[in-house]
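Before anything else, here is the set of structures, which you'll find just below.
Below are two complexes that have subunit A in common, paired first with subunit B and then with subunit C.
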Partner chain A sequence: MGDYKILKEKVPDFIKALDKFEVFAPVKKGDTVRFEKIDDPSRATLDFSNTNVPPKELMFPETETLFRYRVVSTEIEPKVPSDEEKRVVLGIRPCDAMAFSIVDRLFGWDFPDPYYQKRRENSILVGLACAEPCSNCFCTSLGGGPANEEPLDAILYDLGEFYYLKTITDKSEAFVSSAGDALESAGDSERAQATELAGSAEKKIKRTIKTEGIPEKLPSLYDHEFWTQYSNRCLGCGICTFLCPTCHCFDIQDEIEAFDGRRARMWDTCMFAEYTLHASGHNPRPTRKERTRNRISHKYSYFPTKFGVIACVGCGRCINFCPVNIDIIDVLQKSKEV
Partner chain B sequence: MVDENVLRDKAKEILSSGEVRRLIGWKRGTYGYEAAPCVITDASQADDLIFDATCVQNPASFITLEEKLPVPRGQQPDTRKIAVMVKGCDSRAVVQHLVEKAYIRDDVVILGIPCRGVIDRRKAEKIFGEAPQPVLAVAEKDGVVIRVNGEEKKVSREEILADKCLRCRYPNPVISDYPLGDEVEKWADDDFSDVSEFEKESPEEKWAFWEEEFSKCIRCYACRNVCPMCYCVECIVTKLKPQWTRRSTDLSENTVYHIQRAWHLAGRCIECMECQRVCPMDIPIMTLNRKLTKDVKELFDYEPGVDAEAQPLLASYNPQDPEEYIM
Partner chain C sequence: MMDDSNPYLPYIAKIEETWYETPGDRCIKTFKVNFADEKVWETWSHKPGQCAMVGRLGVGESMFCISSSPTEKDYLRFSIMKMGKVTNALHELEAGDYITVRGPLGNWFPLEEWEGKNIVTIGGGIGQAPLRPVINYIRANKEKYRNLTVLYGARTRDDLCFQPELQCFLEEEETTCRLSVDVCEDKDWEHFVGFVPDLLMEVSPSPENTIAVTCGPPIMIKFVIQNLEKLGFKPDQIYTTLENRMKCGIGKCGRCNVGHLYVCKDGPVFSYETLKDIPEAFA
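What follows is the complex of A and B.
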């Protein structure tokens, strides 16, 4: 563990110094912020509330090629990321980082997923503690917090003129040693300021949900009419799931052009009717009632039953972006009352 | 504008009569600058209904979003009507539904609400910041009175109303069974100057613009699903056999999706702007729709969603139709 500081004007130099890594950081385009590979350090921003799309896309991209093939041969060309592709991800919010710990369990479960796992292993995760949580943040209800460190390798705190950088794991050593002159040493005073920032940020989180009992209660509401008050205004779009840092479902498709083909996987969502559509035409989740129920129950009941942890980090994206105000805190609160 | 008590009483009366199976309107959201659309089935829920400048959503979308499961043997389907509360823009969606025979006039009971505009949450957030509590807002003749974060403030229409309201030509519903509240005077007009400006750009500039915008798309299909005019039982973009659009997200497939979506709305888009409002990636979807709206108006003098007796544009033919594009 080490303590460092980076003057704000030196952030581009800091990114430039990491040239032996692929650096990913948030980039602003209009009002949207999204992680991108940084070739020009001036494009990166650490001045944002949270990214529209969570950094899960860096480990589990929207669309990725699993392997390529020629229709006339039996050879395939796997596209598993190589060990050489070392990456640094800068500016991950602690909630989104915590999501990796949750999704790791799934992708490392019965069939270890080499695509996801390789990218995770190859990535050094540098967090950015929250000073101003958004009004729908509720990370503290899920065991997280504005400066939660698990599973980050290092974390940045915005202390006005400079960022305080605290390294957490041995993995971060490689990146600290590359950063060179851009880093200055820091000590007790910066550490104390960081603790204060985290404490004051935590007090700003207003929304909460007590999760005790929810995983046990939800299955008993399986056939309950309670779901329809939400599902009858649900649009059945993919916003809540695609933008969820823990949602991890994908579809696999073969795409062929003449003799060249690829097997690709892309994000899928239980909110689409096609998700459970059988070849026979039968759909076991025929309406948005069953789909809404599945989304909430999977996060708050099925996943914790199987993996021992709720598949939600309280980032608030599904609340902020839902076009019809299906507010997961409201759904969970009402589920306790019915 | 309408007194909420009048609106609730009318909703109770309609629901108690047993004439309708559901009523679609708005209720207060859990936070922020937007109300929540709501579907109620019982008069006891009518007290939740509201109408003010936060009621941005188009309830007409939820008429066609209703899902109907096969009726079990021996049971009869519920053939009662659907009641829907509509603003001027929303009412055009109902008219266009009727033009396209999505349902028939007797299937719906329309509660028409004159409207002085609804607020755009993106504009509001820039002025007032986040609103952890539900915001109350009333659009008046000379501005919008908004109660946000414990304070009441008045801002000009231009600062806070949705773009669609700043060019609104139909502040009063164009179709209604129960007009609620006094009609409001039209205060704006639409000269399509935004589209004309965009048309001036070179093809390269336009392509660069759309390339950037389409590559942001995550294909959540919120724009399609919220659109009152996108009500196909099976959408061409999700059809798997044959597959017309790949499920993978990349510039090519995203472009196919967006062009397809826009073309399928030619002569049908009623400009409620819901597609653009819901986009989590801030893609200016209405720019495409409005280009087609302008073309349709200039070429065929056609405006969708204003006359329930009209023919759909693409199902009608007039010998005077311009045909320069035919070789």
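What follows is the complex of A and C.
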């Protein structure tokens, strides 16, 4: 669609010009970077490898209120995001954006989830192509890549002095027209540089897994010893799931303070025993063996069986942050060999 | 479904009547409820086997089968064992109190496909609750089905639910009803003593043009299915229900899966034809 460029020193002006949107962008927090709502444009940064917490939190917050009520009455007040809250999310890495296309299938399946869907509809996604993939990135094995566009509305490329901005969908027009003077036009030369950047980044991705056959094979390994090898090491901390851009499991809890109550949902993880514990005390996944098996099988077999796509984008977070170095690529490779 | 645009919002229902089915620490209490807004009935429609999230504002909600048949009009029934946080809070409620109901959820027993067949229900303990709407539906549509056989057992005589109805089944000619208790110190007990799978073998229903439906504790289901196969039932003639911890009830929150199936959404009703290849189904 359109080709533009933004000089790096004009990025704050560009964000400022988007004042009819809520703008979310990466912000430096100590040694890490996390997406936040930007009130002061100078706080946003596009100089980062990736955020520890994926931007799934912008569509599916860590904790959110489903509805409020007064304990003494039976009146229920829903808390679905309104149509007015239009947002621009700036600087999403292509893997994390691809995760939205995957999770969209779950939240849109049958009983559509209005909380997630409303935020997705209200958001314009502006990606940031990767020039320097991390050591555990394996997006190219899952159909992604350093400049993968699905489901982005526009994508930025860091070309040194400036960012090249390529718009992809009609939805991006609304924000391009708001950005005004901060955008300059670009053309063939910038487009060629962008293609070169993406190509060179792709060559830097060292880790791969051939996924063919894995979804079909995993169920046959249900009772296999090899799950024990991995689960013996697992501490059950759940970081692999909390920081996974496609993990979408949640808990629902009622909370009351005096007479004010809310029913809220919060991220949960299949790596915790309580997740599946029945009130009777019976637990169908009593040890880390069953829970590890469920995590891997859900991503690489159950989800694709149900929704037609593997629930992993190869971002490498579960490898990077595992305290005992459990490596999903190793697990998958082993599953093919046993 | 409640609010078509928001499946997380419950209906408010008023408890009309409650009674205890069984005594003890893990007693079972039946709640007969009606929607606070009677207009809900204009759109409400459930089928035998379907469930609902039943809850109490300020405490939470859990999934229960709707133990009344759609042929019973103007009320819903839930029979709930006192077990965890939500069920303890529900047990504190009496007629006049309000609960939340979100549903109907899940699939149902394919009773239309079963027309013209003999039906055998095999229940254990609180597992009779999802079978009750099947039995009542068939009794209300007698002309469409052949013979109905109700096999039901519990740990002791006091642990049998729905006793007044069982008494009717025992007395009437058109229903075969056999009861069992695991242990019996009661000289007046004139029925079977032993486990439900043994009661099944004692009765030995013919698989000819018959569907067997079994609900109860997982260990009972496992042996009932083994025995049904011994009697010549094929996997597609055997139906059961699964249960797991649930939060959303609509196939989103993740926890109730057995293999690639969500018990809340793809179930709770499954034929053994579907489950026999999913080892986690009986975990």
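What we mean here is this: the second predicted complex is superposed on the first by the 338 of 338 C-alpha atoms of A that agree within 3 Å, B and C clash if a C-alpha of one lies under 4 Å from a C-alpha of the other, contacts with A are read in each partner's own complex, and residues count from 1 in each chain.
Heads up, the rule we're going with is that contacts are C-beta pairs under 8 Å (C-beta built on N, C-alpha and C of every residue); 3 or more make two chains touch, one makes a residue touch a chain.
Remember, predicted model here, so these are calculated numbers, not experimental data.
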Exercise for review: State whether subunit B and subunit C clash or fit side by side on subunit A once the two structures are superposed.
Suggested key: fit
Exercise for review: With the two complexes superposed on chain A, say which partner A:106 touches: subunit B (first), subunit C (second), both, or neither.
Suggested key: second
Point to revise | Partner chain(s) touched by A:222 [first = subunit B, second = subunit C, both, neither] | key: second
Review point. In the superposed arrangement, does A:187 touch subunit B (first), subunit C (second), both or neither?
Key: neither
Review point. Given the touch rule stated above, what does A:251 touch, subunit B (first), subunit C (second), both, or neither?
Key: both
Revision key, fill the gap. For the superposed three-chain arrangement, angle subunit B-subunit A-subunit C (C-alpha centres, nearest 10 degrees) equals 90
Practice item. Once the two complexes are aligned on their shared chain, state how close subunit B comes to subunit C by Cα atoms, in whole Å. Key: 6
Exercise for review: Pick out the shared contact residues on subunit A: the ones touching subunit B in one complex and subunit C in the other.
Suggested key: 251, 253
**Study point:** Complex interface listing, subunit B residues touching subunit A
**Key:** 22, 29-32, 34-39, 57, 61-62, 65-67, 69, 122, 130-132, 212, 216, 218-222, 224-226, 238, 240, 246-250, 274, 277-278, 280-282
Review point. Which subunit C residues qualify as touching subunit A in the complex?
Key: 1, 3, 5-10, 12, 36, 55, 57-62, 83-87, 98, 218, 243-245, 247-248, 250-255, 257-260, 265, 278-280, 283
Revision key, fill the gap. Listed in rising order, the residues of subunit A that touch subunit B in the complex are 29-32, 34, 52-53, 62-63, 134-136, 206-207, 232-233, 235-239, 242-243, 251, 253, 255, 264, 266-267, 269, 272, 274, 286-288, 319, 321, 323-325, 327, 329-330
**Study point:** Residue ranges of subunit A touching subunit C (in the complex, touch as defined)
**Key:** 66-67, 69, 71, 74, 76, 78, 80, 106-107, 109-115, 219, 222-223, 248-254, 256, 261, 263, 265, 268, 270, 275-280, 282, 284-285, 290, 294, 297-298, 301-303, 305-306
